[in-house]
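There's a structure below that I have some questions on.
Chain lettering (A, B, C, D, E and F) follows the sequence in which the chains are written, and residue indices restart at 1 in each chain.
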Amino acid sequence: MARPDGRAPNENRPVTITRNWLRHAEGSALIEFGDTRVLCAATVEDGVPRWRRGTGEGWVTAEYAMLPRSTDTRGARESVKGKIGGRTHEISRLIGRSLRAVVDFKAMGEHTITLDCDVLQADGGTRTAAITGAYVALADGMKYLRKKRGLKSNPLVGSVSAVSVGIVQGQSRLDLNYLEDSVAQTDMNVVVTGDGKFIEVQGTAEGEPFERERLDGLLDLAVHGCGELSEIQTKALA
Amino acid sequence: MARPDGRAPNENRPVTITRNWLRHAEGSALIEFGDTRVLCAATVEDGVPRWRRGTGEGWVTAEYAMLPRSTDTRGARESVKGKIGGRTHEISRLIGRSLRAVVDFKAMGEHTITLDCDVLQADGGTRTAAITGAYVALADGMKYLRKKRGLKSNPLVGSVSAVSVGIVQGQSRLDLNYLEDSVAQTDMNVVVTGDGKFIEVQGTAEGEPFERERLDGLLDLAVHGCGELSEIQTKALA
Amino acid sequence: MARPDGRAPNENRPVTITRNWLRHAEGSALIEFGDTRVLCAATVEDGVPRWRRGTGEGWVTAEYAMLPRSTDTRGARESVKGKIGGRTHEISRLIGRSLRAVVDFKAMGEHTITLDCDVLQADGGTRTAAITGAYVALADGMKYLRKKRGLKSNPLVGSVSAVSVGIVQGQSRLDLNYLEDSVAQTDMNVVVTGDGKFIEVQGTAEGEPFERERLDGLLDLAVHGCGELSEIQTKALA
Amino acid sequence: MARPDGRAPNENRPVTITRNWLRHAEGSALIEFGDTRVLCAATVEDGVPRWRRGTGEGWVTAEYAMLPRSTDTRGARESVKGKIGGRTHEISRLIGRSLRAVVDFKAMGEHTITLDCDVLQADGGTRTAAITGAYVALADGMKYLRKKRGLKSNPLVGSVSAVSVGIVQGQSRLDLNYLEDSVAQTDMNVVVTGDGKFIEVQGTAEGEPFERERLDGLLDLAVHGCGELSEIQTKALA
Amino acid sequence: MARPDGRAPNENRPVTITRNWLRHAEGSALIEFGDTRVLCAATVEDGVPRWRRGTGEGWVTAEYAMLPRSTDTRGARESVKGKIGGRTHEISRLIGRSLRAVVDFKAMGEHTITLDCDVLQADGGTRTAAITGAYVALADGMKYLRKKRGLKSNPLVGSVSAVSVGIVQGQSRLDLNYLEDSVAQTDMNVVVTGDGKFIEVQGTAEGEPFERERLDGLLDLAVHGCGELSEIQTKALA
Amino acid sequence: MARPDGRAPNENRPVTITRNWLRHAEGSALIEFGDTRVLCAATVEDGVPRWRRGTGEGWVTAEYAMLPRSTDTRGARESVKGKIGGRTHEISRLIGRSLRAVVDFKAMGEHTITLDCDVLQADGGTRTAAITGAYVALADGMKYLRKKRGLKSNPLVGSVSAVSVGIVQGQSRLDLNYLEDSVAQTDMNVVVTGDGKFIEVQGTAEGEPFERERLDGLLDLAVHGCGELSEIQTKALA
């Protein structure tokens, strides 16, 4: 029943956030959840997508992708295949939605921040690491925007982090690595604000359908894990 | 605080399932959740996708799409755009995952059932109607497969239905229609087995992040709604 | 020499037109030619394609598609393949051309009506059913346009229906079903106005090249069949 | 009422066929209908498309395309646009169907001949020139195939040519050039065998719907024109 | 050590330039380097690409493509494959860059000339023939532009031609044909101005890496070959 | 005339090679040429592309890409655009060609090594950094292959590095950064073996056509620069 890397069931992997890893981006962070490494870059641009023009409100969006050899077996590039796969679409949308939940678009004015989350190395939890790292890049992007465009108030009205939880060998565990993720009966990604509210809850029975008690226990674990991640974000941004 | 169509907060829309609406498909159902109409067709084929060959196990997959004028404003065809959008990908994957949770692939042998869920008219809840209707088509597809290929045991080991729940004007409501969906603060799609366990839980804060109590209440409502849908499925398949 | 469904050689299949099958579309019809079922929806929009702007004239266009399991064997979705096939292109263009022959574009003003013809179930003659049903949807779309935009005169200057004719086992027959179509030596689609003139004549020798007398006989048959369809359209629109 | 180039209403444009214009192709012809120039190449290959394997029968197919500056205004390349347009699809299919009508597939054995018809310069009638020239390339391709693979009988059981006819300023005319084509009320492409039977008849009312007498007159004109084209083909192949 | 067609090592193939081969294009040339035949067309248009608007400067660009049966074995059309291959991209960019080196964009004003280079028959050296022929078409396109738009000075400030050189069986040779090209150890394409300066030098070791002396010898050969091509261009444009 | 970062004209930027930056890849290197950072990963797989099967020879290929925010202004992802641009194609091909020049394919047996070169941060010279880093990853990939598959001899028969040279403000300079690259009159990428021979020479006149003396000087500079890079590679691999 021991975890492959010896962690306690309610223990996150070691988390590292290297802020401003990139020179050109208005905000950036290289985030590591154990062996998972995601490079997050925030691009600040004037203007918003066509459907939002004239509203006076800003926009935040995200694109997620994996380098071909971030994984154990090389995956074909989506650019070479000529189309984006369902999983990529799904995760990009999840990241965007999660970040937008803590943004005051009116305060942004008609500007767009795009978060590029590129997985350099994958070992489970790439989407939760991406959300957690993208928040740091977004915070720096917003700082840049406030200063350059003289915004009156801070468009960032909260913080956001995310973690995966799951049931492995009957045990509820926090922050699954790839080995655990691939055998989990239930897998759940939870996005939580800095003050402990839910932004997104996505639980899937990979094996057996799960009961309400299980779900409740996993949610507790996730809130605990995100609490720690939130502290790490705060330190990185200090 | 009254709902636009006068329903009680914990009341599903009228549900109709027309079994065998199609002549060619091995299983089919036209399902209606109020004004939402989804045509679900099960196609049974010998063989499985390449990555599954030689395992002796079957496969179940799904494709979701909307007719261009199923919605209030015409949407461009994805075939004309030359690519499938993120939302379509996401829902197709959700339907497939939900149905696979009640299938015994070993019992299926190396056969594939594809569920096509085409939205003819949309009024909110198209993905949950699709899952609920696709289960009926799948059940008939499995019946066909058992008979034609002389399977020893039933590959269908449970039933599955789905419903949306959400918070509208501060009130937790069951089975949102489009009008309610478009103003919901929180929107949740829940997939439940016939015996009340969870297959998938997807909750999103569209507006404010939500608290644990809210989440708990929505889950109760969803289990209640799916219980009713499960009975309707049983009758349709009788 | 009897037809598979016992019809006389010059007899159409039973035709049903359910007007306003859709709630959102400005005009719609579910048309059935025997087991062939096509859902036709008219979308009325302000403005015209770029190449027509500033002419003061309107535009009518059509898109045809088949649901994957409308046919006996499931066909891959064109959206998944990422491109539209030649047959789809050809039929979409034919429907658009046929309808435009009875439209006065100047009377329309700069508005566009798009006819979506989606085959829900196929049993031969899907393109001719689509044209015949699309006319009904177009008529309602034009009615909507006249009223909403206060057009002075009716842009619809005639009616249009279509039928297939062909030579099967040496016999000239009207409105082939799939079984007949697949063995026809010659196959012809004819589009005719309500007053019996030709809009489109497309005859193809699938087997032997055909002689002038044959061609003449098929054209007679088609004019007869379209005469009946025209009456059914008139009743549906009454 | 005089034609722009002074021809009689029933007169073809000057036709030139340069056989074996290409060095690599197994058959080829540069065909000119006045200023319209189409390069037709036949490629003979062993094997047939997957759906035809094991039948012992051959296959003939065609691909039509226009060089970007074959026309008065430059058209974007379909390779650059990343997709093939409806018109291209339609004409490619027409050419293939027309040629297949004079081929005995059993006699071919499992070989494929592909006809590439590339319009180098366009002045109306490109599809009919393509069919007429492709027949010459096909004849040489078949000759090559018979010799190389020792076929017992000739798979070519007839000849085929094509011409456009139309009504311009109320007058029925043969082989329209671009100027006439662009103002024609009715436009018809007719594919005829060497012994005067019909393979394909495609008539379209561009302006007014047309009456039966008009159609009859155009068919007469087309048969006359194809008779002359057939003689020119025979000379080129002598 | 003799060349397959008996040429001396420093001898170009026979070169033919047929100016104004096309009727519609503002400039055109059919160029032949032995059996290699490339049709080059210049299209003159008002306006420039978006990124160049408002600069007062013109633009020159090129697109290269091969007809499917220009080669010994038929190649699939890039339009059918739905994407442009790397080699096509590379050569199109090379042609554009080469021509732009002799253009004064300010003198052009905001106009664009597009050079379409379509290989009708390939026997090695298609890209160098394309550059050499495209220059002739460009010269006529510029003449047209000067006259029609009343340009004050000639935007063409030099001439450009190109040739391939390579090491075959240890011998440095000029203008390789396909047979030589396919066995060359080193292959080099050199673009030279009319006054003997370099625009582009692209040398590749196909087999063994090559030494500086070899490189020097090949450059001498290329300058010699381009000198002759430049004279032929001058005659064609006289 | 001083360089923006104070280097001597014949001085490379500081170069860092971090070997085995990735955990999963059989060989990998994060290479830095000043602020340019490219992550190179070698994937070793059994089997070769279809066209090479049965030859007993291996294959080496490369794919180059830039992260969207590696550059000063965000670039759209090629996966989102659905197609790969000409520049990407060109550089991927260059890297593959360069590495293949030092590989003995017979010694490899039928195995493939794919080099993924992803630009994390761009500041000029990304293609030359990619080649130089990919060589290190390839060397480790070959080591892995030799051991795992028991190859008798080393398939790597030489080493390869690359550098850019150019003329900026009339001065010949080594290893241009972005600032210099964007104003260079002539830009040249040179690929050199460890023993000083040429694999690839690609020189382009961005501004004025250049004379032979200039070309000679740039080649000298490139050989000098690659000599230093070769030493750094040797140390990294020690």
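Going forward, contacts are C-beta pairs under 8 Å (C-beta built on N, C-alpha and C of every residue); 3 or more make two chains touch, one makes a residue touch a chain.
Please read all numbers here as calculations on a predicted model, not as lab measurements.
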| item | value |
| --- | --- |
| Co-neighbours of chain F and chain A - touch as defined | none |
| Centre distance in Å when chain B and chain E are each reduced to the mean of their C-alpha atoms | 58 |
| Length of the line joining the C-alpha centres of chain A and chain E, rounded to whole Å | 50 |
| Chain D and chain E, separation of their C-alpha mean positions in angstrom | 33 |
| Separation of mean Cα positions, chain B and chain A [Å, integer] | 27 |
| Chain A: positions in contact with at least two other chains | 82-84 |
| Starting from chain D, with chain E taken as the next chain, the full ring order | D, E, F, A, B, C |
| Residues of chain A defined as touching chain F within the complex | 22-25, 28, 35, 39, 41, 43, 45, 63, 65, 67-72, 74, 77-84, 88, 114, 116, 118, 120-121, 123 |
| Chain D residues touching chain C - in the complex, by the definition given at the top | 83-87, 89-90, 92-93, 97, 101-102, 158, 188, 193, 197-205, 208-212, 215, 219 |
